[in-house]
Amino acid sequence: MSTEPLSKNIRKVLVANRGEIAVRIIRACRDLGIATVAVYSDADRQALHTRYADEAINIGAPPPRESYLVKEKILEAAKKTEADAIHPGYGFLAENADFAGMVADEGLIFIGPSPHAITTMGDKHKAREAVKKYNVPLVPGTEAGLSDEELINAAEKIGFPIMVKAIAGGGGKGMRPVYDAANFVEALRTARSEAESSFGNGDVYIEKLLVGARHIEFQILADSHGNTIHLGERECSIQRRNQKLVEEAPSIFMDDDLRQRMGEMAISAAQSVDYVNAGTIECLVDKDKNYYFLEMNTRLQVEHPVTELVTGIDLVKEQIRIARGRRMTPTESVLNPQGWAMECRINAEDPYNNFVPSIGLIRASNTPKGPGVRVDSGVFAGYEITPYYDSMIAKLITFGETRADAMARMRRALSEYVITGVRHNIPFHINLMNSFSFIAGQFDTRFVEDRFHMNTYENDPTEAELETVAIAATLHAHRKRQLASQVVAPAERDTSNWKWVGRYERIHR
Amino acid sequence: MKYTTIVNNEHFEVEIQRDGSVFVNGKRHEVDWLELPESLYSMIKDNKSIEVAVDENDGNYNVLLEGRLYEAQVLDQRAMMMLGRKGGLKLDSGEIKAPMPGLIIDVLVNVGDDVNEGDTVIILESMKMQNELKAPRTGSVQSIQCKQGDTIDKNTLLLIISGSDEE
Amino acid sequence: MSTEPLSKNIRKVLVANRGEIAVRIIRACRDLGIATVAVYSDADRQALHTRYADEAINIGAPPPRESYLVKEKILEAAKKTEADAIHPGYGFLAENADFAGMVADEGLIFIGPSPHAITTMGDKHKAREAVKKYNVPLVPGTEAGLSDEELINAAEKIGFPIMVKAIAGGGGKGMRPVYDAANFVEALRTARSEAESSFGNGDVYIEKLLVGARHIEFQILADSHGNTIHLGERECSIQRRNQKLVEEAPSIFMDDDLRQRMGEMAISAAQSVDYVNAGTIECLVDKDKNYYFLEMNTRLQVEHPVTELVTGIDLVKEQIRIARGRRMTPTESVLNPQGWAMECRINAEDPYNNFVPSIGLIRASNTPKGPGVRVDSGVFAGYEITPYYDSMIAKLITFGETRADAMARMRRALSEYVITGVRHNIPFHINLMNSFSFIAGQFDTRFVEDRFHMNTYENDPTEAELETVAIAATLHAHRKRQLASQVVAPAERDTSNWKWVGRYERIHR
Amino acid sequence: MKYTTIVNNEHFEVEIQRDGSVFVNGKRHEVDWLELPESLYSMIKDNKSIEVAVDENDGNYNVLLEGRLYEAQVLDQRAMMMLGRKGGLKLDSGEIKAPMPGLIIDVLVNVGDDVNEGDTVIILESMKMQNELKAPRTGSVQSIQCKQGDTIDKNTLLLIISGSDEE
């Protein structure tokens, strides 16, 4: 990295992404006075990122492999608009070393790490080899490229439960937990097929599944002047099918000594690949505070805002600063995060129906507001959720002086949030925030799947709530049936038994 | 107007009066009911300010109140009488329809197979995730309308399970 | 104050207000786990405060004198719902000593200062007498109760320009600047009439009008344990007809020495009336950094969020804490505000038509989001702005490390803000943020009225912008006229020349 | 289709082509035009992404672009011809209508008075503020349709000024 010029000018950034993260990056550029270029598929002409950027280039049909994943189209858009730099966001081409290399070959700045770091950390096996030399503790597991039979033997040796993971994986895709030998073959098949269709690479490996462990990750920031620091941890144990749902900073499980030790380990892991820019070291931490390196994400994380709120550091601005070849603003690792931040991922998924994704037109979208609330979203009333992209539609982030403050604010913000038209997981988050286990901080990565259900509340609905529901359903039905019967005689509107209608008409006549 | 409304298997006799009051199981409540845009309502019930969303679903109502979803049936007197005659509420249909558009990754059963409620029968990929579609009832597979590799639209009928507990 | 019990329980707060401030207070209560009661007029059944509170009581017809100003109705609502405390917000009954007294007489807690402090500071003459003893500098002026003739003589003695002010005034009502003797009689008449209709008291006094002065105010916080501190200043010079439009914290005009001295003066002024709870000392500061006490507002200010953002202190939570008889959280005056905050008041007023208020249905409302942006608002898409209440519909607040950061973010946030259905002053704010004088911090309280106009931009529209406008107007007109002509033959839709329509239909068929 | 569009007194010849391109004063632009809800449009013009609001106002168009309001007239060929015949654009009407509902606090002129454009003629109170309504043109007061103390609705005709510069 030290061979690069020390200060490069960035006047225009092309954002090679969509949705909330594209909007987030455009916002950071605007805050810095840097021009922006959006790329958009045919399904995203109305999307916020297309409308918020200074320029917008159409890159093809809705399926990602015909638009957001086509490196050549993105580079062509950058050349056409004379962008100096490309920010990949997360997902799509963010961890594609070929793409990072092609960007550099075109004389453009890739706002992210070097192709070498991406390649090494993107291959789970190489990553383990790299960090091992720096005494980073690893979860027991196998290497890549093993046959089903070799994997079965390895699993017996490591001992169940184990986790099957895609070599090229990320975001929970191509991952399958297996609790006994009987289900192993089927899990291998599913994981390979999902990995093949998601990443074009069906190779998998296995790892010991740690029971009762937490997912805790460290935010890394490194510049091209040889400085590498961490910005403290994020607690991401609230997951479902390895998809994070709620993240916090700091972690209730953390203590000063553990933060010190894990932070040093995280810095070492990053240094093992000469890492430059923002990255994340994901770890599992067991009940006894033993920790294990899982993987490094060589990009901005979905959950980066919780770190921003407790450190006061704008990670996207720092990414751009580092990509310009400057020294990053913070000079020391963050050992004392200020206050507490919590993020709920708002997904178009139905928590009452096995979290099935929901598509359709968002009819109303009233976002929470007021002190201590941040919403990062790419949708709005009138926006259509299509089946082409992932189901996360917004991130709701709250801040408070303590965990209890942040949680109270989250509870308040969730109750303010109104989205109609599609099913979404706000009810899940509301229930979670009322769960005694979550409130007490007693949870691990299996909590949501094993011990939390939408219909087994830790406190049952009250009689008054049931009564309220009965009244609401009845008034709704009564009104609809009345309106239906009035189609015959529309002049005779029955308003007399609707107190408010009468009152409203009195005011507005 | 009088209704019988069933929420979580509990029956409520709800009577709507012309003066804006509502009687529930004979007890009077002051209810101020305001329709907001897009299926939302603001209710002020005995001074309590409450916001609910109501969705219609096959003649039943899904009511979302403070983050919990309730299913409600609203029966007028005629419907109650008919129900009395038939002897019960209707069972879950044995049809599995696609909850979203996507690609059929696998069909795990064959016609004639016995399945238990909750068994995974089809794997559907959508939004980059594999989703397991489960049997809505115990019974046997009567027909299969899709195969691996099919690209299907939302609400496409995929599979029918005949009930083992049919009358 | 020290005669009061040291800790009182507050479990339920009635908010005797409406609009964004009622919502702001309800949010603070929710964040603290305290139940809330809203009161609402017939025009506000659909308003957010009515819907967000736990309970809501109708208090009558839309005009404030039939609802929000009727003390008895508010007290009755508090008794009916068994509220422990009443928060008055700002405006309405917030600075009504009788009401504060009646609340106490009912055994309820008034979340605000004592009736004595309200009475003294609410009467401009008594206020001047009270603070004079504490060596607080005053603008030369007259006392209350003078006849027109006496006022004319006094004006000649003080020298023009002078300001006519209502004794019972606030928020710019009943205020008139007069630049020469010829216009004095007419200004007196208007001010008296406006004061009479706004406050039921037509008495006015006059004050020297300081030319080129800034409006700078200090936030005071005092508890019943004898602690009085200030939380630094707010710069509120961007005004029109004495209505604040933009506020900042800190002030670009401030230096450490001046903050120290003005802060001590502000604490003295508050102590002159044994002030307890949150209050504001408003001052004028001339070019030479001489400062003069204007008045004390014995309540929460509209612009309180800018102070919250640079101090990290939640003022409404502190108000409640103080009203409970506890010690306030901060223990020292804030001499080093962290970062910079800016607030734009979003009013339903047409900046292109003499800022005439606009009423009607808000059809779309997309609020700005993302890092460093806070919106305090009482409206939403589908909300109807009525003529009964004031025209402020939202406050947009941004935070950054420096003034330039906060301003860049404000520019970005304003460009994201979409409100349709009513005319509003977002264009004013966008133009202001691009004004060289504002950017340079060179402004005083007369800047907006004397030197800023919507149609004399400091930079003219470019040719490309005019061309864009021409294309937009033409396409809009073309489409409308085509649609109009197609009413005759609706089957023949002309879509062939609408690239996007074609593309959209391709995707969605 | 060809139009003459006037913005800030500048004339633009705008030609809309069937292929989605637009010619302005003979120069070709790629324009992608998307109607959003509630009078908003997203325009991508030669790659630039632009958001505009367009309001119709008495046959003219108010266009809001990056915080500035522009007034535009869009004339088709027939309208251009008629305009050529009449010899100019029409003047401001001398009518003052209430811009909002409110209370008439004062009428500062009498019938027959000469007024200059910009003179305050009526004071209207609304939303707790006194608003000065100003003469839209120079002329003399032809008629007054309101008096002090009147409560009036939006758009009520309040006063007419006959133009001194009428043709």
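Residue numbering begins at 1 within each chain, and the chains themselves are lettered A, B, C and D in the order written.
Just so we're on the same page, a residue touches a chain if its C-beta (ideal position, glycine included) is under 8 Å from a C-beta of that chain, and two chains touch if they have at least 3 such contacts.
The shown structure was predicted, so the numbers you read here are calculated from the model rather than taken from an experiment.
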Chain pair with more C-beta contacts, C-D versus A-D: C-D
Gap in Å, rounded to a whole number, between the CA centres of subunit C and subunit A: 37
CA centroid of subunit A to CA centroid of subunit D, Å: 48
Where subunit C and subunit D are represented by their mean Cα positions, the distance between them in whole Å: 31
Interchain centroid distance [CA atoms averaged], subunit B/subunit D, Å: 53
Shared-contact residues (touching 2 or more other chains) in subunit C: 45, 52, 364, 381, 415, 500
Interface hub residues of subunit D, defined as touching at least two other chains: 32, 34, 37, 51
Overall pattern in which the protein chains touch one another (line/ring/star/complete/other): other
Pairs of chains found to touch, sorted by chain label: A-B, A-C, A-D, B-C, C-D
Residues of subunit A touching subunit C in the complex: 23-24, 27-28, 30-33, 42-43, 45, 52, 62, 305, 308, 314, 364, 366-367, 369-377, 380-381, 400, 405, 408-409, 411-412, 415-416, 500, 503-504, 506-507
In the complex with subunit A, residue positions of subunit B that touch it: 1, 3, 5, 7-8, 10, 12, 14, 16-20, 22, 24, 29, 31-35, 37-41, 43, 45, 50-54, 56, 61, 63-70, 72-74, 76, 99-102, 105, 123, 125-132, 134, 154
Residues on subunit B engaged by subunit C in the complex (per definition of touch): 32, 34, 36-37, 42, 44, 47-49, 51
Subunit D-facing residues of subunit A, complex: 37-38, 45-46, 50-58, 80-81, 381-382
Complex contacts: residues of subunit A adjacent to subunit B: 173, 190, 193-194, 197-198, 241, 350, 352-354, 356-359, 363-364, 387-391, 414-415, 418, 420-421, 426-427, 429-431, 434, 454, 457, 461, 465-481, 496-500
